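What follows are several structures.
Same chain, two partners: chain A is paired with chain B first, then with chain C.
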Partner chain A sequence: MARLIGKPLKRNEDPRLLTGQALFVDDVELPGMLHAAFLRSDYAHARLKGIDVSAALEREGVVAVYTAEDMGDDWAPGPPLVIPPPTIEEVTFNTRTQVPLVKEKVRHAGEPLAVVIAESRYIAEDALDDIVVDLEPLPAVVDIERALDADAALVHDDLESNLAAHLVQTKGGYQSAREQADLIIKRRIVMDRGIAGAMENRGIVAYWDNKQQYLTVWDTTQSPIPIRNGLAGMFGLSEHQVRVIAPFVGGGFGPKIMMFYPEEVVLTWATLKLALPIKWIEDRRENFYATTQERGQVHEVEMALTEDGRILGLKDDFIHDSGAYDPYGLTIPLNTQCHVLGPYDIPNFSSELHVVFTNKTLTTPVRGAGRPHGVFVVERLLDIAARELGIDPSEIRRRNYLPNDVFPYDNVIIDQAFANFIIDSGDYLPAMEKALDMIGYKDFIENEQPRLRAEGRRVGIGVVSFIETTGVGPYEGARVTIESSGDVSVATGVGTQGQGHFTSFAQVVAEHLGVKVSDVHMVTGDTAQFHWGTGTFASRGAVVAANAMNAASSIVRKKILELASELLDAPEDELEIEDGEVRVADVPRMSISLGELAQKANPLRGAVEPGTEPGLEATAYFGPNYGATAFGTHAMIVEVDPETMNVEIRRYVVVEDCGTVLNPLILDGQVHGGVAHGIGNAFYEQLFFDDNGQLLNASFADYLIPTSAEVPTIEVGHTVTPSPLNPLGSKGAGEAGAIPVPALMAQAIENAIGEAGFEILESPMSPLKLFNLYYGDKEQ
Partner chain B sequence: MKPASFEYVAPTTLDQALERLAEHGFEAKVIAGGQSLIPMMNFRLAQPSVLIDLNKIAELSYIRLKDDELRIGAMTRHVQVERDALIARHAPLIHEAMTKIATPQIRNRGTFGGSIAHADPAAELTAVTVALDARFRLQSAGGERWVPADEFFFGMFATALGPDEMLVEAAIPVAPERTGYALEEEARRAHDFAMAGAAAVTALDEGGKCSAARLVYFSIGDVPTDAGDAVAVLIGKEPTPDLIQSVVDTAADRLEPSDDIHATAEFRLHLARVLGRRALQRAFERAAVEAN
Partner chain C sequence: MSELIEVTVNVNSEEYRRSVEPRMLLSDFIRHELSLSGTHVGCEQGVCGACTIQLDGAAVRSCLMFAVQADGHQIRTVEDLGTMDELHTLQEAFWEAHGLQCGFCTPGFLMSILPVLEENPEVSEETIQRAMEGNLCRCTGYQHIRDAVKQAAEKMVAGGEA
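So, the complex of A and B:
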C-alpha cells in the first residue's frame, strides 16, 4: 500500500486559498441582501432604562431596528453549551447565559442593545448614532480577586455573590505530603487576559427563504451541526429546514466554538421576520468586545518537595474569571487543574477553584484553553525549587517525570470531558533530551553563556515540558463515497479554520483507497452534506474525525475488494488497489477502475441484492473513551537588554510528540502558529481594563499581536509515541505550540537576568513589567 | 468601523487644493497617505465632511538640494525618503529615522508631510526635524509662511497649521562637516510607535571637543522635547561617558513624561535617560569618524 499517512504533502486547499478562490462568509452575496450593525453598550455595567429607536427608523435606507422588547417570547438567554460536571461531589455551579439583546442590564462593555438592519453597513452604522439609549451606570466588577468581596457589585442580581462555580479536586492527601517535605515553595501566580485574534473576525449571513420554507446560515462557527440543531430548536423548525454552512474560516482558535453568540440568534430571528438575507460581519473593534476571550486566573499555590527535588505534593487554589456569563461551564479551569499535574508524578494534589462573574466579556477556550495556565504554574514552581535546591532545571524535570511503565495513568481528578483524567501514553525523557540536544543546552550553559556574560551580555536559556490533553469525544463521523468518475468524495461534520483538513484527512482516505490525495474531495462544515457531529475544538480533528475517516474508508475498501473479487474472478487477498484501480497482483491486465466499480455498484437496471447497499460508500463514526495526551519539550535562548528590558528571542526549539503524524508539513505549521500565539500570550498580548471595566486597548494599535519580526525561526523535532486509544495512533497538536511558551519565556528571561530574587510570577510579561520587577527595589 | 459620509474631491494642482481648503476650512481634511487619517475616520474620531485627496498633485512630491538646504515635498512617500541618496548623504539622521517608522507597507503610502502635519507625539520626524533645525513652508490660498520646526508643534496632534493652510514642503539645512547623528528608540514591536525615543546631533572640533550638540526626545510628552541648555554644557568639552551621563540626567530631570498602558511615566523617564545617553554617545562616535 502506498504510504500516504505521514507524508509531507503540500496542502490541497492552498491554491484556492492563495488565489482568492475560497469562499469566506463575507464573500456570500445574495440578491436583496441587507446589512446589520449592532448598537453596543459603552458601559460595562449599567441598568437599561430605555431605548428610543424612532430617529434611526426614519433614516433613509434603514429597514428595521430591533431591541429586546421586539423579540417578544423569542427573547431568551442562550442554552448552556457545556453543563457543569456531574461527577464531582459538592460542585456549585450557577448557570447564567448570555442574552441576544440586553433587556434589563448590561453586564459587559460591548453587549448588544439593539440591531439596525439597513441597505448597507454604512447606513446601518450611521443609524446607530440616531438611537437614544438611557443607561444608568453601575459600579463594575473588574478585579477577580475582589469579585467575591461582600461589598462587590453583583453581576447577576439574583445571585447572592459573584460566585459562578466552586469545587475542590483532590488526589492522595496533600496535607500529609506537606508534613514530610524538605522544601515548600509558596507563590501567587497571575495569568491575565487576551483575545484569540483570528485573522478573520466572526461573520454571519442568514437567509430565510419563505417560499422554500428553508433557512440557510453561513457562519464562521467551529461547530455548524450544533448550531443547526440549536437554531432549529429555538425557532421551531425541523432540522431539515435548516442548513448551516461554515465555509473557509480565517482562524478559529476557540472563540468560534462558542454558541450561541447573540448575533447568531438575532440575525436568524430577523431574517425569519423579514424573509430577506441579512449579513453581519464583525469588525475588529467589535471583536475586542463581542468575541470571547481567555486567560484571567490568579493562583495561590504551593509545592512540597524532598531535598533531592522530588515533588511530594501540590496545592493550587485559584480564581478563574468567567466574565459576565458562563455558558461554557468549567472547561477552562478543569484543563488548568489537569495541566498543573503535567507530565509529572505528583502523588498528592489538592485544588480549590472559585469561578467568578465579572463585568467583562465572557471567557471560553482560546488555543490552550486553560492548559497554559496549569503549565505556567507547575513549571514556575519547578524552576524556583530547582534554584533553591541547586538542581539544574532540566534535571529537576527529569527526576519527576512519570515513568514509562505507568501508562495508562489515572490522575484521579476529572478532566474537561468529565471523565477521570487518564494519560493514555507517554515517553517524556526522549523528547526532553532531543530538545536539549537540538538547542545545545550543555554547551550553552558551560561555554557560551559564561563567555557572553563576561562581555556584559545577558543571555539566558529555558527548557520546559508540557502535556496537552487532546482528541476528546464524544464522536465525529465521516461519509466516504467512490464517485462514478473514480474520485472520492468525503463529508464530515467538523468545520475547518485553516488546519489543512482537506489534505491530512484526504491522506487517511487515500491511504485505504489507492487514489491520489488530490482526487479526494472533502466537504467540511456543511450540515446539508453531513448530519452528525460536534465540532472542531480541543485539538481533536486529527484524532476523532481522522479516525472516523479511517473507519469509513476501510469499510469502503472492503466493499471495493468484494465487488472486484466477484468481477475479476480473483480471491480478495490477491487484489491490490493502486492508482485508482483494482488489480490482480502480478497480473496488470486484470484490473478494473474504481469509477467502473462504482458504476457497477450502482446499477440502473437489475436488482441490488437483499441485505446489500448500492454504491461504494460507507459512513462511520469514531468516539474515544477518553482523550489522547500529547506532550513535548520546548527550549529557548533569549537576550535581555537590562537597561530597556527589551527581550530578543535568539533560538526556539520544539520537540513535539503527538503520536502518529498524518502530515509533518501541516503539523509543523500548527506548531509554528501555536508558538507564535504563545509568544504573543507570553510577552505582547494583554487586555487592559480600567476600574469601570472599560477596555483600554481595543485595537491592533495597542493590543500587540506578534508579527514576523517578533517570531523567531522555530526549529521543530519530533518523537512518536502513538496513542493506544485509536487505530491511527494519532493525538492532537493544534494547541501544543502555544501551551508552554509563557512558562518557557519566564524561565529563559530569569536565566538571562541571573540575579537572585528576580522572579517572574505573571504572564503576559512586558518590558514595563520587567522594568518594575528589576528596578522596583533598586535605587533609580 | 465604517466612516461617516463625506464628500470626496481629488484636485490635481496645489492651487485647486488650497481653494477647496479655503472654501471648507474646518469642515475639510486633506488626505495624504491616509495611514493615520483613515483609521481615525473608520473609528469615527475624525468626521470631515469634505475629504481633499492630495495624491494626484504631482508637484508636491520631490526631494532636491537648494542653497545648502534639502527640500522635501509634503507628498513625498516615506519609502522615497528612505531610499534617497541625497537624504542619506546630507541628512543621515532622517535616513536612520525612516526605517524605524512603521512597516514597509505603511512607508509605501505614508508621507513626509503627513507625518509632520499629523504631529503624533511618538512620530520620529517631529523630533528629527526639530533636532535638524528644519523649517516648514505652510501655504494657503492667501499666501505662504515659513515656520521653524521648534515653533510648529503645539501639542498632541496640534500644530501651527491654520484650518485653511497646508504643509507644502520642509527645508532641512545640509549637515556641516564633523557632524554625527543618532536616533535611539524603544518600541514594543519592530513597527510600533516608540514608547520613548531620542534624536541626537553633535559635532566635534579639531581637538575632539564638542562644538555643537542637540538632543531632542519624542514620545515622552505631547511635543518633541529639546534638552536645550542641558546639553549646551557639552560645548567646548570632551564628551566623556561620565559627562554624557550627567548631561542626560540633568535633561531627564526636566522631562514630564506621560503614562500609558505600555509605559508608565517612571519607565519612560528611565528610557529617556538610557536612550538619550545612547543617542549622544553614538552621535559623538560618528562625529569622530566623520572628523577623520
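So, the complex of A and C:
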C-alpha cells in the first residue's frame, strides 16, 4: 500500500483559491438580496434611554430598521457555549451571555443597538446616521485589577460585583513545599489583549425561503453544525429545515467559533421576518470591536525551588478578563492553569482564579487560548530562577522535565474539558536537544556571543519548552463514499479555515482506498452534507476528524475487499487495492476498478440481501477519551538596538512534536503561521483601551500585525512521539507555533541586554515599552 | 442617492460599461458590479493589501479608489492570471511551495508581486521582501510565500518570461 500519510503533498484546495474561484461568504450573491448594517454603541458602558429610527425608515432604499423591542419574545441572551465545570467544588460561575441587540444597557463599545436592512450596503450605512439614540454614559470598568473594587461600577447590575467566576485548583500542598524551599521567586506577570486578525472579517448571508420553508445560512463560522442546531432551536424550526454552510473561510484563529454572535441571531431573525436574503459583512473596524479577543490576565506568582533548581511548587493566583459577557465559560483560564504546569514535574501547585467582567469586548479563545499565558508564567519564573541560581536556562529546564516513563501522567487538576488534566505521552528532552543543536546553542554562548559583545553588540539567545493540549472531544465524523466514477467523496462536519483539510484528510482516506489524493473530493462545513460534529477548534482536526476519516475508510476498504473477493473469486488476503482498482496479487489481469465495484454494489435490478447496505460507503466517528498533548522547544537569537530598543530576530528554531505527521508541508505552514502570530503577540500587537473603555487603535494602521519584514525564516525540526489515544497517533499543531513565543522573546531579549535586574514581566512588549523599561530603570 | 455616473473600464481585456454612484469603491465595483469576486476586501483603508489589483500595469489598492476614477483605465484582477487547469507560473509556485493557507489574502499577494517579477524576474531577496511588505497574511508567516516568489522568479528567468 502506497504510504500517503506523512507525505508533503501540495493541496487539493489550492487551484480554486489561487484563481479567485473559491467561494467566501461575501461572494454569495442571491436575487433580491438585501444588506444589513449595525448601529453600534460608541460608549463602553451606558444606559439606553431611547432610540428613534423613524428618520432611517424614511430613507429611500431602506427596507427595515429593527431594535431589541422589535424582536419581542425572540429577544433572548445567547446560550452559554460551555457550562461551568461541574467537577470542581465551591466553584462560582455567573453566566451572563451576550444579547442580540442592546435592550437596557450597553456593556462594551461596539455592542449593536439596531440593524438597518436596505437595498445596498451603502444605503444601510447611510441610514445608521439617521438613527437617534439617547445613551446615558456610565463609568466604565476597564482595569481588570480594579474590577472587583468595592466602588467599581457594575457591568451586570443584578450581580453584587463584577466577579464572573472564582475557583481554586490544587495539587499536592504548596505551603509545605514553600517551607522546604531554598529559593522563592515571586513576581507579578501581565499579559494584555490582542486580536485574532483573520484577514477575512466575519460575514453572514441568511435566507428564509418561505415557499420551501427552508433556512439557508452562509456563515464564516468555525462551527457550522452547532450553529445550525442552535438557530433551529432558537426559532422553532426543525434541524432539517436549516442548512448552515461555512464555505471557504478566510482564517479563523478562534473567534469565529464564538456562538452566537448577535449578528448571527439578528440576520436569521430578520430573514425569517422578511423572507428575503440578507447579507452582512463585517468591516475591519467592527472586527476590532465586535469580534472576540483574548489574552488579558494579571498573575501574582510564586515558584519554590531547591538550590539545584528543582521546582518544589508553584502558586499562581490570577485574574482573567472575560470582557462584558462570559459565554465561553472557563476554557481560557483553565487552559492557562494547565499550561503553567507545562512539561515539568511540579508536585505542588495552587492556583486561585478570579474571572472578572469588564466593559470591553468579550474574550474567547484566540490561537493559543490561555496556553501562552501559562507558558509565559512558568518559563519566566524558570528564567529568573536560573539566573539567581547561576544555572543555564536550558539546564534548569532539563532538570525539571517530566521523565519519559511517567506517561500517561495525571496532573490532578482539571482541564478545559472538566476532566483530569492527563498528559497522554511525551519525551521532552530529545526535542530540546534537537533545538539546541539546530541553533548552535553551545557555540553561540561560548564563541559568537562573546565575540559580538566585544564589538558592542547586544545579541542574545533564548530557549523555552511548552506543551499544547490538543485534539479534545467530544467527537467528529466522516462519511466516505466510492462514487461510480471510482473517485471518492468525503463529507465531514468540521469547517476549514486554511488548515488544508481537503488534502491531509484526503491523504488518510487515499491511503486506505488505493486512490490518488487528488481523486478524493472533500466537503467540509456544510450541514446538508454532514450534520454530526462540533467544529474546528482547539487544534483538533488532525486528531479527531482525521481519525474519523481513518475509521470510515477502513470500513469502506473492508466492503471493497468483500465484494471484490466475491466477484473475482479470490480470497480477500490475496487482493490488493491500488491505482483505483482491486487486483489479485500477482495476477494483474484479474482486476476490477473501484468505479465498477461501486456500481455493482448499487445495482438497478436484482435483489439486495437483507441486512446489507447498498454502495461502498461508510460513516464513522471518532471521540478520544481525552486530549492528546503535543509539545516542543523553540529557540531564538535576537539582536537589540540599544538606541531604539528595536529587536531583530536573527534566527528562529522550532522543534515540534505533534505525534504522527499527516502532511509535513502543511504542518510547517501551521507552525510558521503560529510563530508569526506569536511574534505579533510578543512584540507588536496590543489593544489599547482608555479609561472610558474606548479602543484607541482599532485599525490595521494602528494595530500592528507582523508583515513579512518582521517574520524571519523559521527553521522547523520534528521529533515524533505518537499519541496512544488514537489509531493514527496524531496530535494537533494549529496553535503550537504561537504559544511559546512571548516567553521565548522575553528570555532572548533579557539575554541580549545581559544586565542584572533587567526583567521582562509583561507581554506584549514593544520597542517603546522596552525602551521605557530599560532606560526608566537607568534614571532611578 | 446621488446621481449615477457612467464608467467604462477595460477589465482583464474585456470592456465593461456601468452606471455607478460616484462614491462606489473600485473594490466593490469589481466584486459586486462585475462579479469578479477573486479580489478580496480585508480592511477598506489600504493597509492589508487583500484588494490589490493592477491599474494600467501597476499594483494598486482597489479599496482606495472610486470606481469612477478608473474610467478609461485598464484593470487586471486575479481572474486574468491562470485557470484552475493551467495556472500562471506565479500561481503554480504558490501551489508548489504551500504559499497559501486560507487563501483570502492570496489574490492580493499575487497582484502585488506579479508586476515586480514581470518587470524583472531576476530579483534579490530584498526586492521580494519589498514587493510583499504591503500585504498582510495571518496564516502563513510569509516564509512559504517568499519561497514561492523565489521559485516563480527562477522559473520566469529560465523561461524568458520577462
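Throughout what follows, the second predicted complex is superposed on the first by the 778 of 780 C-alpha atoms of A that agree within 3 Å, B and C clash if a C-alpha of one lies under 4 Å from a C-alpha of the other, contacts with A are read in each partner's own complex, and residues count from 1 in each chain.
One rule holds for everything that comes next: contacts are C-beta pairs under 8 Å (C-beta built on N, C-alpha and C of every residue); 3 or more make two chains touch, one makes a residue touch a chain.
Since we're looking at a predicted model, the values are computed, not measured.
**Student:** A:G498 contacts which: chain B (first), chain C (second), both, neither?
**Tutor:** So A:G498 only meets chain C here.
**Student:** Check the residue A:Y122 against both partner chains and state whether it touches chain B (first), chain C (second), both, or neither.
**Tutor:** both
**Student:** Output check: A:Q21 vs chain B and chain C. Expected answer is one of first, second, both, neither. What do you get?
**Tutor:** second
**Student:** Could you tell me if A:I714 is touching chain B, chain C, both of them or neither one (first, second, both, neither)?
**Tutor:** In the superposed model, A:I714 contacts chain C only, not chain B.
**Student:** Please work out whether A:Y684 is in contact with chain B alone, chain C alone, both, or neither, and reply first, second, both or neither.
**Tutor:** In the superposition, A:Y684 touches chain B alone.
**Student:** Just checking: does A:F771 make contact with chain B only, chain C only, both, or neither of them? Give me first, second, both or neither.
**Tutor:** Only chain B is touched by A:F771; chain C is not.
**Student:** With both complexes overlaid on chain A, does A:A607 touch chain B (first), chain C (second), both or neither?
**Tutor:** Touch partners of A:A607: none, neither chain B nor chain C.
**Student:** On chain A, which partner's contacts cover more residues, chain B's or chain C's?
**Tutor:** Partner with more touched residues of chain A: C.
**Student:** Let me test your reading of the model: by the given contact rule, A:D283 touches which partner, first (chain B), second (chain C), both or neither?
**Tutor:** both
**Student:** Does chain B (first) or chain C (second) touch A:N697, or do both, or does neither?
**Tutor:** Touch status of A:N697: first partner only.
**Student:** On chain A, which stretch or stretches are contacted by chain B in one complex as well as by chain C in the other?
**Tutor:** 121-122, 283-284, 699, 701, 707, 709
**Student:** Once bound in the complex, which stretches of chain C touch chain A?
**Tutor:** Touching chain A from chain C are residues 1, 21, 23-24, 28, 31-32, 35-45, 47-48, 50, 77-79, 81-85, 87, 91, 94-96, 98, 100-107, 110, 129, 132-146.
**Student:** Quick check: in the complex, which residue numbers of chain A touch chain B?
**Tutor:** Chain A residues touching chain B: 121-122, 125-126, 283-285, 643-644, 646, 684, 688, 696-697, 699, 701-702, 704, 706-707, 709-710, 766-768, 771-772, 775, 780.
**Student:** Which positions of chain A touch chain C when the two form their complex?
**Tutor:** Spelled out, the residues of chain A in touch with chain C are 10-11, 13-22, 24, 26-27, 29, 60-61, 121-123, 196-201, 248-253, 283-284, 497-500, 665-666, 668-677, 699-701, 705, 707-709, 711, 713-714, 737.
**Student:** With touch defined as at the start, can you tell me which chain B residues reach chain A in the complex?
**Tutor:** On the chain B side, the touching residues are 1-2, 4-5, 39, 43, 103, 186, 188-192, 195, 261-264, 266-267, 270-271, 274-275.
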